[in-house]
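Structures incoming, each one as structure tokens.
Shared between the two complexes below is chain A, which pairs with chain B and chain C, respectively.
Presenting the complex of A and B:
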């Protein structure tokens, strides 16, 4: 199969109440991603927008940012989900042979609406929606189930928040770089037990863009240093209703990871992967997803975390950017992760560079409590 | 960025989206809600292939892609698999005032959990593994809120 590379990336600073419009944010990152790739807009013929009509407060949200995404007079299509799925769609359109150089751009202004109201609408209007459940309260159900199944403690989840907010101190794009302690997390306001304020990611505004190109074009358009290859991808979804799943079971993620590893030729992920950006919208998610990704056995994520495996200077640094706990532009999250992995591989991650990175992993979710997962392996 | 942009007063436009919807409930869930509304019974349906019993009932089995056409009546009791105490107010969303408890209740006679409120107990006293029973509304309309909540059994 033909290979696809990311040849340019750009991210906005992640903030709350950003003064720019959606279109201004998209223009900013698209222009800078093209600059990073060293190409002009005329070389792009495929544009994928990652956005959500509900979050944007308008229907067909991609059409409103079409000119900003350099899609005027071209083809633009939309993924409503995480940025990792947007990248997948962009790559698939390239591999179809019908499209060439591709912009994948995501935007999100969560602070302009009500997160609980928007995420409540993700639930079945015929059953759960009337109960008022949303992203936070459903995550709390999952956190408790995970704690129960493996006898875990809230303090262990708090460690994730301490680590990732600390990592964000090295990331000038992050919203909440903070030096905090487990005690600070434990003493923060209780939101939905067992989740406290500092276990939850802040809804954040921002945008990110990637430039994708098939092998032949990538080699023509960019230098070796700029090219980062998409080595493997896998995606899988679980049951829609929370009650139809064991919320502490990562079967869908395991299936997605297995496919991504097989495609990239990864046999021992903990040994072969140098850095991972994992979807940590809530603190408990990081160890849970790391188990699903095969970095440790089921139920062992917190213990590995305690032993420092996933620290900035650990065996496998996880979320050196500060993760979603330090800035969560919901629709953009996965593209931000992919962009971070690209910077790490290119050795351009600045203070948050974890050392030499040959292989990186980015993981995004869509749907409540990780209903659907998308796993990417990137490399030189 | 152009210099003049630094001095502009950026305005905020307030708005609200309100769009009425009418969702078809479909034959499977309609039957479930009618039983609940008219007879005060909680039913489930079973996949003829793998035997999984679903509540709320499903139009097709998530495992086998078969129609779970066998219907079974449940006793309305169950065990708390997980729960959360919600402490934030969302008056437009939440049918009750915080703090209140959501639970996923593994229903006796079924293989799946039902999401609902757990009440008639102090939130802090709710435990995983606790036995609960459904309390129905007197006046029922054919939706999930016909179950008022679950309460400790006995």
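Presenting the complex of A and C:
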């Protein structure tokens, strides 16, 4: 199979109350991603936008940004969900042989949205929605189940927040770089038991763009240093209703990871992967998903974390960017992770560079409590 | 390079203004079950699923997640694509690219809509720019009325030309057991029906339907094994226009011209009127069945009314259009364009029942949506 490379990346600075419109944010990252790739818009023949009508408050939300994504006169389509899924569709379109250089671009303005109302609409309209359940309260249920199943403590989750906000100190794009302690997290305002304010990702505005190209074009258009290959990908969905799942069971993630590892030829993920950007919208998610990704046994994520495995200088640095806990523009999250992995592999991650990176992992989720996962392996 | 892909199964619900007997997920399950039956497969044979609709219509966020039970997507790869009115063709194209990429062998594309539970026009109104254009271009009928008015003025097309198209599609629907609106109407009936927005009258315009459609795509090796006569995908192309309605060209359809020209090039078609055996076109109003014929390169600009009057596009004409009854007979919006692909596939597969056009070798399907998005898919009996 022909390989696909990421040859250009750009991210906005992640902020709150960004004054730019959706179109302006998209224009900015699209232009810079093309610049990063060293190509012009004329060399792009299609665009995948990642966009959500709910978050944008606008039907056909991708309509508002298509011109600024340089899609005029080109084949454009829209994936609604996490950026990792948008990248997947970009890769499919290239591998189909129909398209060459592809832009994948995502935008999000959390501060112009109503998080509770929008995520409440992801629940069953007849029964669950009436309860007022949303992304935060459902995550609290998952955190509680995870704690109960493996006898975990809130303080262990707080460690994730300490680590990732600390990592963000090295990332000039992050919204909340902070030096905090477990005590700070424990003392922060309780949002939905057992989750406190500092266990939750902030409402964020931002955008990110990737430029993808098939092997032949990638080699023509970019230098070896710029090319980062998409080596493996897998996605999988679990049951819809929270009650139909054991929320501490990561079977869908395991299936997605298995597919991605098989495609990339990864046998021992902890050994072979040098850095991971994992979806950590809530602190407990990082150890839970790391278990699903096969970096440790089920229920052992927190212990590995305590032993420093996933620290910036640990065996497997996880979320050196500061993760979603330090900036979480919802649709953009996965693309931001992929962009961070690209920078790490290129050795261009600045102060947050974790050393030499050959293989990196990015992970995004769709739906509540990680109903659906998309796992990417990237490499030189 | 990519794999060749064929459609091996199609399923759709019986469409109605109100399907009170089924929830959205149940409608999806109905279409999915029928598509699996049509292809003689079980859900175990499906490697991945794509779904789409418009969030604000039924107010469901993460439709791909919500619909897992109806889709049969439990522990399967599933994701959502959405582009407004063209969602159906977008979903179909995504199913096609899933297979053509070589990442998946058998993929199901699903579109659905339960309009009886939504305020469609209010939701559509939010697609235009909130400060500049939302007040002027609210809803779907206004822009279509504007474009046909301008076409009438430019080329002497008439209200009656549109009525001929309306009567044609509505009478074709009598042969389609799945169609929502099945009534015999005359050109006279159409002209006498209530005016909605000049020159579009009630019987010129599409209804809002409840329904769903599922189309199964498979890579060449699998398709040959699983299906006696797959409908092979020869081309799938999308073009869109400017963001603001005020920037659009109104007397012809630039996006449809560009998309179809590219698709014809890919499929090696030089004389579309002659080479296609049947077309299932997304015509949201009968007026589009006049004006847009130019833009599909069936004739020169302004010549379409002549072809319409001659009956070129009737069931017994040179190129039968919309044997299914088309969009003005059935319109579950997120599924509407996918039904075009499904019906075109059935025509190629010889499975279109009473609405079958004889010996279909090449079929054209289109999608249309907000901001003049145009999608074109070409299906053929021979491998591309």
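FYI, the second predicted complex is superposed on the first by the 380 of 380 C-alpha atoms of A that agree within 3 Å, B and C clash if a C-alpha of one lies under 4 Å from a C-alpha of the other, contacts with A are read in each partner's own complex, and residues count from 1 in each chain.
The working rule: contacts are C-beta pairs under 8 Å (C-beta built on N, C-alpha and C of every residue); 3 or more make two chains touch, one makes a residue touch a chain.
These figures come from a predicted structure and were not determined experimentally.
Once chain A of one complex is fitted onto chain A of the other, the partner contacts of A:252 are limited to chain C, with no touch recorded for chain B. When both complexes are overlaid on chain A, the residue A:125 reaches chain B and chain C alike. Residue contacts after overlaying the shared chain place A:57 against chain B and chain C alike.
In the superposition on chain A, contact of A:91 is made with chain C only, not with chain B. In the superposition on chain A, A:192 makes contact with chain B only, while chain C stays out of contact range. When the shared chain is aligned, no partner comes close enough to touch A:203: not chain B, not chain C.
By the touch criterion stated above, A:239 is placed in contact with chain B and with chain C alike. In the overlay built on the shared chain, the residue A:278 is in contact with neither chain B nor chain C.
With both structures placed on the common chain, the touch criterion links A:79 to chain C but leaves chain B unconnected. When the two complexes are superposed, the chain touching more residues of chain A, out of chain B and chain C, is C.
Looking at chain A, you'll find residues 57, 125, 239 touch chain B in one structure and chain C in the other. Across the complex, chain A is touched by residues 10, 15, 17, 21, 23, 25-26, 29, 54-56, 58, 62, 81-88, 90, 92-95, 102-104, 112-117, 128, 143-145 of chain B.
Those residues of chain A that touch chain C in the complex are listed here as 1-2, 23, 52-54, 57-60, 62-64, 66-67, 71-81, 85, 88-89, 91-98, 118-119, 121-122, 124-125, 233-240, 251-252, 255-256, 259, 366-368, 371-372. Chain A makes touch with chain B in their complex at residues 19, 57, 116-117, 120, 125-128, 130-134, 136-137, 140-145, 148, 189-195, 239, 241-244, 247.
Those residues of chain C that touch chain A in the complex are listed here as 1-3, 52, 54-56, 58-62, 64-69, 73-84, 90, 93-94, 96-98, 100-103, 123-127, 129-130, 236-243, 258, 369-371.
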